[in-house]
Structures are given as structure tokens and as C-alpha cells.
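Have a look at these structures, which come just after this line.
Presented sequentially are two complexes of chain A, the first with chain B as partner and the second with chain C.
== the complex of A and B ==
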């Protein structure tokens, strides 16, 4: 496996994302620029300019026509993927920590930071998927998180629920139509921030990563904790791999403590766990800073990770990855 | 390009060289490979013939039409106007990573790190005593009290040099001020401790290289209480270097042993025993 190193950013990566077909990777970093890359060879398709602050988040709609980004300049911007043209900018009182499109791409969710007297809010915009159309300024939904600020959120299958992860380690379920609070679970240790929430391909379950060094697989409907993956380092990101039943966890010593640790001690590795057996099956080294985000190719053929070191590393899995099976899995396959 | 006779322009010369180079030959082999022979001139002016055998395989890849269409998109932003294909300033290939998932990864990784640790320990184990060349630290040397640091030759571990080296102190390392150098008479500067040990220490040479410390102790303890036996060993092979020191609690015992053991046959060799010379 020869990783492709993407060095288009000058500062720490904050999020990387594949589009629905997996041929383009979008990356955002603290250097204000959004980059689009072809995943198969690492060629840069282009850059999106306009933001004037560190970027925290990016998401692309299912048809790869619209791109949403949010960052510390208190704006969410909508871009045309193909040309790099900015279509819309929404202004907020505080920084944007997360954006995500609904599965049909007609809704866009955003989370604002809690600061300067503003409470953290989750809001939803209706999106017109036509790039030439005028986008609305009106929020179709507002959820104010007055207890603990939301850090991550996403739409469930069919945009039925909004699931959010919070600063205090809880995971909440909201009705995506009415904004009504439905359920809440203390999934992670108290006061340990939920750092990432990524969906399974069908969005009936998801994985959360937390600073409490664990990642949890949870069901969308009743927020039941299905699996727990325990590591020895604070986690920044977790992803579920299609095709093979694995999860990839990324993390490492917090960025501010990095200078005091060597690369080896810092545990800057992507960790692969078996999704069902919750056992670690391998690690991929390479970054020399914590991994801030890991994203899996939607077809399960590879993954990419964005690190605090400013690099995106794109990996295409090779044969041993696909061949690997536990003894019981092999037996089961033989019996079929 | 026409050439003017007698012209010695450097630019022209280059052309001349390239004109002399034979054409590239491409031959199709029976097994479906191609052999390409090219000629070029190296920087040092030598002609180089390069023969390459290439096998061409067509890999068919089914690509989603949307993906195929996106591949034709024009670049924008900072990449605007750049040619297709990855640019070297933003994209590079990292070194190969072997990723092989294994069940129970943690246990296997720990095993590996343990063996690595042992290896590292072995590497660090290159310890050499400056006094007797044994594989221990100089400060741990059993003879640090009776011997000065070795000059280099293992057969002559007792070094008389400090005296000659301008009286620059015993042990050869500590500075002795000039007004004290005169006083550095025999026996005085190292104190009584040395005296005592030296007096009852035997130097045994011509020891078989297969000898063990235990053997020596057994042999020499017949004559009195042996306080210590030191057998110099090579740190790499672990074999005896051919000399040893035996200390007695009592000098009379030492004298007796010296007398009896000198010329004693041990192994296939005849031992030579004498009183160890003073370090100073």
C-alpha cells in the first residue's frame, strides 16, 4: 500500500471528505482554503477561495454539485463543486463547527459554536440543488443546545432524525422535522467531548469518537450502544468501512501537547478495529501529528486521513486488507 | 540541420553528437513483450545503450459516467491552467506501508516490541572496562583498586606509564599541580589501600583460554583464603584472554601459592604465577 501524500495545505487539516462516488476528496484546513482532489491519483482539481478564517468543516451533496463549508469566520459558504464559484454565504454570530447535507441533499445542517453570549445552535436550511438557483436565507429549523454545546451532528436515514454529539459526552436524538428533543444518552464519559460522528452507509447506525479514548457504535433509532472500541489515545475521528466489517479510528495526543512527545509516543496512527469483534487488527503509520479526521471511500476501496501535520494521506487498500478474515468468518463463508 | 564544415560552435557540437546516435529500435517479441533499445549520451560524454523490455497490458476499468465526466472538468482556483495529472508540488507518493490486518494484533505487536527491546539491549552491551578489558563498566571492575587503566595491550595490564607521563597523577586522568608532583613517590599517592591489596595479589599468566574462574578459585584456595579471582575474558568471544589475578587475604598465603603454582600444569599449558606489580 503506497499512500498518496497531498500537501496542498499549509496548516492542520480539520476535515476530509469523499463525495458519494468516491472519486473526489474535499479537504479543509486552518489555512482558509478548500481543496478538491481526485482520489485515484491525488491530482488537485482545484481550490475554493473566499473564506477569511480557519475552516472547521466541509460536506458535499450526493450529486457532487454543491459543496458546503464552515469555519471560524462565522460563515457557511456554498460552492459550485465544478467551478469553484461561491454561490452563497450565510453569516452567523459565532464559528461554524459542522455542516452536513441530508441524504437527499435538499437540506443542510450546521452547528454554531457557543461563544460571546451565543448559545450553540443546530440549524437547518432548505437547499435548492440547482447551482444557478437562489438559495434561501431562512432557516427551516433551529435547535438551541442550552445545556452542553453540540460539536457534531448529522441527518439519519431519510432525514428522519438529527443526531448530535455534545461537549459533555452525550449523544442526542432530535426530530428533524419539528426539532423536538426525543432522546439523549450519556454515550461517552462526562465532560469528554464527542469529536466525530460518522454514518454507516445506510445511516441506521453510526460511530462516535470521543476524547475519552473510545469510539462507540450506536443505533440511530434508539441510541443503543452496540459496540465499544477502546484505545489508548484521545480520538478525533472514527469511520465505518463498507465491504469489510472494520472501523478506522484516528487520534493522537492533543495538538497542544504534541511538541512534548515523539512521533512514536504520540500514537499518530490510524487504528483498524474489527467492527463486530471490537478487537484491534492493525495500524497504519505515517502522520507525524494527530489525525484530525479519517474518511472512508464510499465503496470501501480506500481511506484518507487528514492530520495536524498538514498532510492528507490517501490510501488504497490492497489484497491483504480484503483477504483478512477471522476464523469464524471463514467457517461461515465455507458453510454458505 | 545542415552542418558547416570546420565550425566548432558548442551548440553545433551537441547536435553532431545526437546525429551520431543510432535510431531507437523497437522490436516486438514473440511472448508479447517489446524490446526498446535507446541510445543516449551521459553527462560525462559516454555513449549509453539502454535496453528495456516492456510488457504492455491493457487494464479495463469500468467507471461511472459521472466519474468519467468529472475527470474532464477543468481545473480552477490555484490549479487553474495547470496540465492534467498530479502536480509534484502538491501530490507525492509516500513510502510503501505494509498493512496486513491480523487477529489479535495487540499481542503480536507487543511480542515484536519485546524482541526489539532485547536486540537494542544487546547493541548497548558493548561495554569495555578500561582496566582489564572485561565486559563490565570500569567502575565495576574487580581490579579497579589494584590496577591502573590498561594501556592497550591485554598481556600487559599493569601499566607503569603514569610515572613517566610527567607525574600527571595516578590513573592518568586527574591533574596534579606541579608543586605536588615531586611528592608523587612510589606508594604514597594512592594510599594504603592499594598497598595492601597489591601485596597479596598474584598475577597468573599463560592460562588456558578455556579456563573458568571457578577452576582457578578451586586451585588457588588450597593455599589460603582467596578474596577474589579475576579472569580476563574477551568480551566478544567470551573466552579467557590468558591471564588472571588472584587475591589472598594474607600475603603469606599468596607467597606460598606463588611458589607452588608457578610452573603448575593447568589444561594444556604451564601456569606462570608472580606477584602482581604495583600499579604505580
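== the complex of A and C ==
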């Protein structure tokens, strides 16, 4: 594995995303700037300027035409990927913690932070995929999370459900058309925040990461916990790899949060687990601070991580990664 | 005798993994059928990638 270091941000990375083809990586940071990079060589393609606060979240539509960003300046902004032009800005009463496009790119979901006088809400805008079109000011859906604030959310397959993760460790399922509450599961330890939610390629299942040091693989339809990955550090992010049946977990205790002096400071490694057997397979070191986000190349050829240290590290998988198989997997393949 | 014990333990681990793999594969089959029967158009990865889990 030859990692490429993307140095361009001046502060902690908060989210990194590949586009659908996997040739571009978008990154957002507390430094207010959105960056686009070529994933194969780490060359910076461009930056998107306009935000006036820390950025928490980024997503790109399936055709790599539109980019959405949100952050502490209480705005969601929509950009044209190719030109860097800002197409739209929606303003809110509080910070934006998450944005995500629907699988077809025609809807955009956002989550607002809870603050005095403002409840955490999940809302949806209908998106016109044409960059020259006027975008709507009207929200097509509003879900108020009055029990526990939402921290992460996304659209299921066919945008049938919205699945959300919350600060109290619960995961909820909503009807994505009506906003009706359908189901809730205490997936993680009570009052341990769900820090990430990423989908399997077909969105029939997803993975959640939590401060409770575990990641869970859950089914979209009935929120069944299919798998549990147990680590020794609070997790900020978890991703599912296509092609190989692995998951990648990222996290780490910030130095200021390490209370016992004997504890090994840091543990700033990306951890690979076997998705089905739930066993740890390996770790990748490199960051000097917690990993705030891990993203997998959509074709499963590599991954990247955004760190509290201000760097994005891009890894391309080698042949041994693809060759690695458990004996029972070989058996299975031989029987096909 | 130690060797025999070790072999038994190994066999159990392998049996366990085999079970997990079969469970997973049957769940995948079930869920793909279910989603298909709901008539959803799944926007997943493109089909040319291969090797992964794509619902056709």
C-alpha cells in the first residue's frame, strides 16, 4: 500500500468523500475550505470558497455534477463541481451536521444541530440536477427529533426510508416520503453518540460507528443488528468495502481526552475487520491524531481517511489485499 | 493430547466461520429477493465492477 498524503487543509478534516467513479475525493475541514483532489495521484483539482465557518459535511451527487456542503455558518451550499460556482445557499438557525444526496441525486437531506430554542431536525429538499436551474427554497420534508438529536442520516435503497443515528445511541427508521416514524433501535450504548452511518453499495444494509467503541452492521428494512465490531477506542467513522467483505473503522482518543497516563496515547489507526466473521484483520497507521472519517473507493480499490491532524491519507490496495481469503471463503468459492 | 485439543479448537473455529458465512449468504439472498419483490429500483454500483454485491 502506498499512501498519498493530501496536505492542503490547515485544520482538522471532518469528512472525505469519493465521487461515484472514484476518481475525485472531496474533503471538508474546520478551515472553512472545500477541496477536490484526484484520487490516483493526490493532485489538488480545486477549492470551493464561500463558507465562513468550520465545515462538518460534504456530499457529491451520483453524476458528479453537484456538490453539497454544510457547517458551522448555518448554511448548506450547493456547488457546481466542474466550475466551483456556488449555485445555492440555504440558511438555518443552527449548524449543519450532515448532508447527503438520495441514491438518484434528486433529493438532498440535511441535519441541523440542536441549540437553545432550536430542536434538531432532519429535512429534505428536492434537487434539480441541472446546474443552470433554479433550486427550490421549499423543504419537501421536515422531521423534528425532539427525543435525542440526530447526528447522522441518509437515504436507503430507492429512497424508501431515511435512517438516522442519534446522540443517545439509537438508530431510527423513517418513511422518506411522509416523514412518519417507523422504528427505533438502541443500537449502541445509551448516551454514546452515533458518529457515522455509511451504506453498503446497494443500501440494503449499513454500518454505524459510535463513541461506545463499536461499529454495527444493520439491516435497512428491520434495523436488525447483523454484526458487531468491537474495538478499544471511540469510533468516529466506519465504512463497508465493496469487492472484499471487510469493514474499515476509524477513530482514536484525542490526547486531551486520554485520562490514564498509562494508556497508549492515540491509537490513530484505521482498523480492518472481516465483515462476516467480525475478526480484526489488520491496521494501518499514519495519522498523528484521531481519524475523523474513512471513505472507501466505490470500486473497492482503495480508501482514504481524514484526520484531526489536518491530513487526508489516500491508500491504494495491493494484490495481497485482494488475495486475502479465509479458508472457508475459498471453500465457498470452490463450491460455486 | 495437546495437539488433539488444538485441532478440535481449530475445527470449532472453522465450523463457526462456515456457519457465519452460510448465514450471511442466505441473508443476502433473502434481502435481495425481498427488495426485488418490493419493485425497488436500486441505485447501487454499476454492474461492470464485479465481485461485490450488486442487485441485478
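By definition in this document, the second predicted complex is superposed on the first by the 325 of 336 C-alpha atoms of A that agree within 3 Å, B and C clash if a C-alpha of one lies under 4 Å from a C-alpha of the other, contacts with A are read in each partner's own complex, and residues count from 1 in each chain.
FYI, a residue touches a chain if its C-beta (ideal position, glycine included) is under 8 Å from a C-beta of that chain, and two chains touch if they have at least 3 such contacts.
From a predicted model like this one, the values you see are computed outputs, not experimental measurements.
By the touch criterion stated above, A:293 is placed in contact with neither chain B nor chain C.
Once chain A of one complex is fitted onto chain A of the other, the partner contacts of A:242 are limited to chain C, with no touch recorded for chain B. In the overlay built on the shared chain, the residue A:326 is in contact with chain B and with chain C. In the superposed model, A:26 lies in contact with neither chain B nor chain C.
Note on chain A: of its two partners chain C and chain B, the one contacting more of its residues is B. Contacts of A:313 after superposition on the shared chain: chain B is touched, whereas chain C is not. Counting contacts by the rule stated earlier, residues 326-327 of chain A appear in both its interface with chain B and its interface with chain C.
Across the complex, chain B is touched by residues 1-8, 21, 23-24, 33, 37-38, 41-49, 64, 82-84, 246, 272, 279-286, 313, 315, 317-318, 320-321, 324, 326-327 of chain A. Per the touch definition, chain A reaches chain C in the complex via residues 62, 103-104, 157-158, 160, 200-205, 219, 221, 226, 242-243, 276-278, 298-300, 326-329, 331-332. Residues 64, 66-67, 70-71, 73, 75-80, 84-87, 89-106, 109 of chain B are the ones that touch chain A when the two sit in their complex.
Within the complex formed with chain A, the chain C residues making contact are 14, 17-18, 20-21, 24-25, 27, 31-32, 34-35, 38, 40-45, 49, 51-55.
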